[in-house]
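Both complexes shown next keep chain A, but they swap its partner, so chain B is in the first and chain C is in the second.
Showing the complex of A and B:
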């Protein structure tokens, strides 16, 4: 049976890992810390290929019906 | 010239607005200063249109969804062509989605197919491969031979082929499904005899009933399949949802096939896909009812439901249970339960949010109540 790749599905937006510097920039910009971020589980099928651990931040490039494109961030738990 | 302006305003204005400006301005052939002025005005308007910090967006979303909700009908409509199968739509469906129910009333899938098959090649056969089928679907006749204590089943060979099964496979399935029974296949005739000597008539009748319900092929739980033509290609609509198993099938387009079961999507495609699915499901109902609700309200609710990495419905077990304040939780449903458990565990309430401050008659921290005086 072929292995299904969830990242290719139309419902799944692009997930990418934020570097340390980008994380700091994000936190400083909004004056927040890691625990204020929405959560994504490390076992989430859309990020298993990124091999993330707890404490990483995922950037999600969503298609927005109003703005065209929008960015969203989730902390890996 | 417009391109350089677009570059300058990237990051300040959303992509969609920039695209619109670019299209309109290049067609108009405007000089640079006027174009610049237009961009400036657009940015100003955009900033003015943004929601102010401290605005009670949740209440606005609740009212904006709730009011059209009063006009929704409660009807269900029939699954095209199959009368015994209803599809939940309207208000019940909205409630189902927002509550984050695990067992929805009518699970369905839209199965898209890969290249040669989506033009209608073997469409009926593929549909049958997905549909759950039992032995009953392919038999012509069942005879009980009381004298010799056996059951003879006559099968329709053509139907067996339709399900993509060979006789040897059928034998294996039957032997696995019926323990302690000798299976013999001769052409289109299956002979079944209990292997133990002291079997009586009662056992034989039980066997006969059990026999019909043996699962042969397809996905368990998919009770109906219906190939339909949608925009130049064939799609198989199903009643019953098994997203994981369907995506693994060879002829299925695993990039477009969707279910209407939000939990299945979250499990197999992740939380972001589930969020999109919540939005899509709600929009589907709203559009079918001919109502208009701004996308932003639905987006807010969908975001809220998916903020913890799993799906949380708008119920006392879902997102309301996540609230930090005891009083806020108690104000929603089952107040006594919350207050007692809070008292037993010695919970504290810092009165940081809206409901608890309304209760004790203090200014609420939204809008103009949000800023506080601080000294440094």
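Showing the complex of A and C:
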């Protein structure tokens, strides 16, 4: 079997790492801390190429039939 | 009035723990020593299970512990001293985990001493995670690690595997561990080590999981009932406790008398059984304890658990007064926001009316009428909240007595507020606030336009009515739940209340073809509740479009499409072009109703909607409307065309079958030849059926009532009509043609492996012509199948919905547009991804052009 790159798949939205400053902005905006975020595993196939560690925040840009583009955030566990 | 005093206390935290033997003794008011309940006079025995020191259930006796009477005394616990320690069934899995995790020799948890500190801090960190899983998850991982250790890191003792023989017997290798041994092991674990298991040593020492004292619940939670025959019948819990006390006494006696160990152990096991079933009578490995009649006892766990248990039955679900339930029936002459209440229920349901100087005169009239004459009253309430029933005897005296400050529970009157509900209450529109309209008859009446939100029909449906009793409840119902406020569904942002059934047929006819004399038009308007005829054109003949225009405001503008795709234009409140059908008047479709609501408000719209509804029905009443056999008549040419289509389908399918047998059929990728054939034939026959449908649609009498219903969207579709006039079509079972029945054939009058349409459930006849016997049988097959399907699907989807609702119930949109759960954890960062409130948009979309237009 050839190795499949899941990030190239049509159904996998773009995942990217949030910088320190962006992280702080997000936390301040919603008055939350890291533990309030939805989680994603560091081993998740969609983000393994980013080489993230626990405590990082991932930004997901999703396409939605109703909302057009939307942003979502997950904390790496 | 009596000044009410409130005590405010904030709950900071709740600690769940176990009862220690010390605490049991402390809270116990009595030690139970005898299984006897009553003496010869029927008086509770001292030291028995019904001892009056544990609370009173007899109104004549005072509690010996607190001195209060029945209902004031909530009861007091007692206790039994168990002759030997007994396992607590509910803690059996936890005890097993602990036993496996500690060393069998030195009873220390099997982790290296150096790591201990790190582990404890890590467990405490778990508390910082907002969900409750933090600590539990960590301890679980730790325990799993310790369980698999085979050698103690402290004393190097080899570990014999500890097994459990359910429910409550433990073995170390081959040797049985008695509860005494287990208890001594658990006692030896130090307070610090206990934290490894997620326990707080102050509130839950592990040895407390093995009972030495058993708390006896107060008599008030297991009252005995006196039967009509004067016989006393005890509660299930009392029965069970009786068994426990009896066996416990026997065990004591045997031990003291120095009986052989076997007898003692048998009794011990028996006591264990009784205590286990006292806590839970549905343990899989144990036979349930039964009454003499054979029905299982309801003990503590059964009291709490499942649908009939305390939580779902008594705490989450409550019974209510001031409510009514009967069959519903339609009444389009009611306004949409009204509910028709039968006179007899209106005289039973009441509203408390506070007497003031200003209303005392007419409230006295209610009292004068009493409970038996209609606008009357049933009770008066004195300022000290004492209720007095109004009867013929007390009436005179009560009339004298009442003055401002009293309340009178008067009968329901027109315009009172009521909550109306139909189960299953799947969305918020399943319970709406209506205005009462007292009517003769015995059913609750509602405008058929509100059938859609309730999902009600009149084939015997029943609905509930509730009368709010306080000013606050009434205000809340009126502001939040009135039908007007529920017009626009939060699901798709369109009106879920609209015209249906006859109202659609009527308005379709009205706007497409009808004309009336000026006189008749005025009469119609008057009958539907419009008394302003000034909008009616002053000419002899009034068209239907002009008539319906009278219901719109003068400045109303609208453009839309009707069902057939033609334009509908309303300009300056006049319907200029187009037919009003389901696409514009119907429930959950079109923007006409939405525009009305947006421009003129809900209160105005609901009145207009009621008028539109009644107009449609009034038209049918005057014109007459009924379907008949003639509606399915087709011209000779059309009949021929239909038989031509069906014959061609026969030929084509035979062609496929021939190709299949020859092996020349082009096989679809991923399918076998057989599957391809089936697919092809099904496709072919469905196309043939659709084609006959098209012929019917084109050739049937376009003005027949059946056709009017189809075209207006009131009921039925063209396929239904085609099934009556042309061809019923292929009957399908689980996605394919019918193949079940005999060996390689559907019925015994076909040849084996006959793949022709006729032999596999294609009905080429129509309902008018009549079905052939085999065809009828195929129809019955699919009919039964769909009946079964709905009957089996309903409970399944109901349970699915319950789980979904419970999972989502406390999600809410916060001020920063995030959706969060009860733990304040984020579920969505922006509600729906775009933060749009569907009910304030047009089908989930914000129409920017429209907004710009409206501001210009």
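Just a few scattered comments:
Rule of thumb we're sticking to: the second predicted complex is superposed on the first by the 76 of 77 C-alpha atoms of A that agree within 3 Å, B and C clash if a C-alpha of one lies under 4 Å from a C-alpha of the other, contacts with A are read in each partner's own complex, and residues count from 1 in each chain.
What we mean here is this: contacts are C-beta pairs under 8 Å (C-beta built on N, C-alpha and C of every residue); 3 or more make two chains touch, one makes a residue touch a chain.
Everything numeric here is computed off the predicted structure, so don't read it as measured data.
When the two structures are aligned on the shared chain, A:62 is found in touch with chain B and with chain C.
With both structures placed on the common chain, the touch criterion links A:73 to chain C but leaves chain B unconnected.
After overlaying the two complexes on the shared chain, residue contacts for A:35 are found with chain C alone; chain B is out of touch. A simple residue count on chain A separates chain B from chain C, and the partner touching more is B. When the two complexes are overlaid on their common chain A, residue A:19 makes contact with neither chain B nor chain C.
Put simply, chain A uses residues 38, 62, 64, 66-68, 70, 72 to touch chain B in one complex and chain C in the other. By the touch criterion stated above, chain B contacts chain A in their complex at residues 14-17, 19, 244, 247-248, 250, 254-256, 258, 265, 267-273, 276-277, 295-296, 299, 303, 306-310. Taken together, the chain C residues at the contact with chain A in this complex read 128-130, 816, 818, 824-830, 832-834, 836, 844. Interface of chain A with chain C (complex): residues 29-32, 35-38, 62, 64, 66-68, 70-73. Partner chain B is touched in their complex by these residues of chain A: 1-2, 4-6, 8-13, 15, 38-41, 44-47, 60, 62, 64-70, 72, 74, 77.
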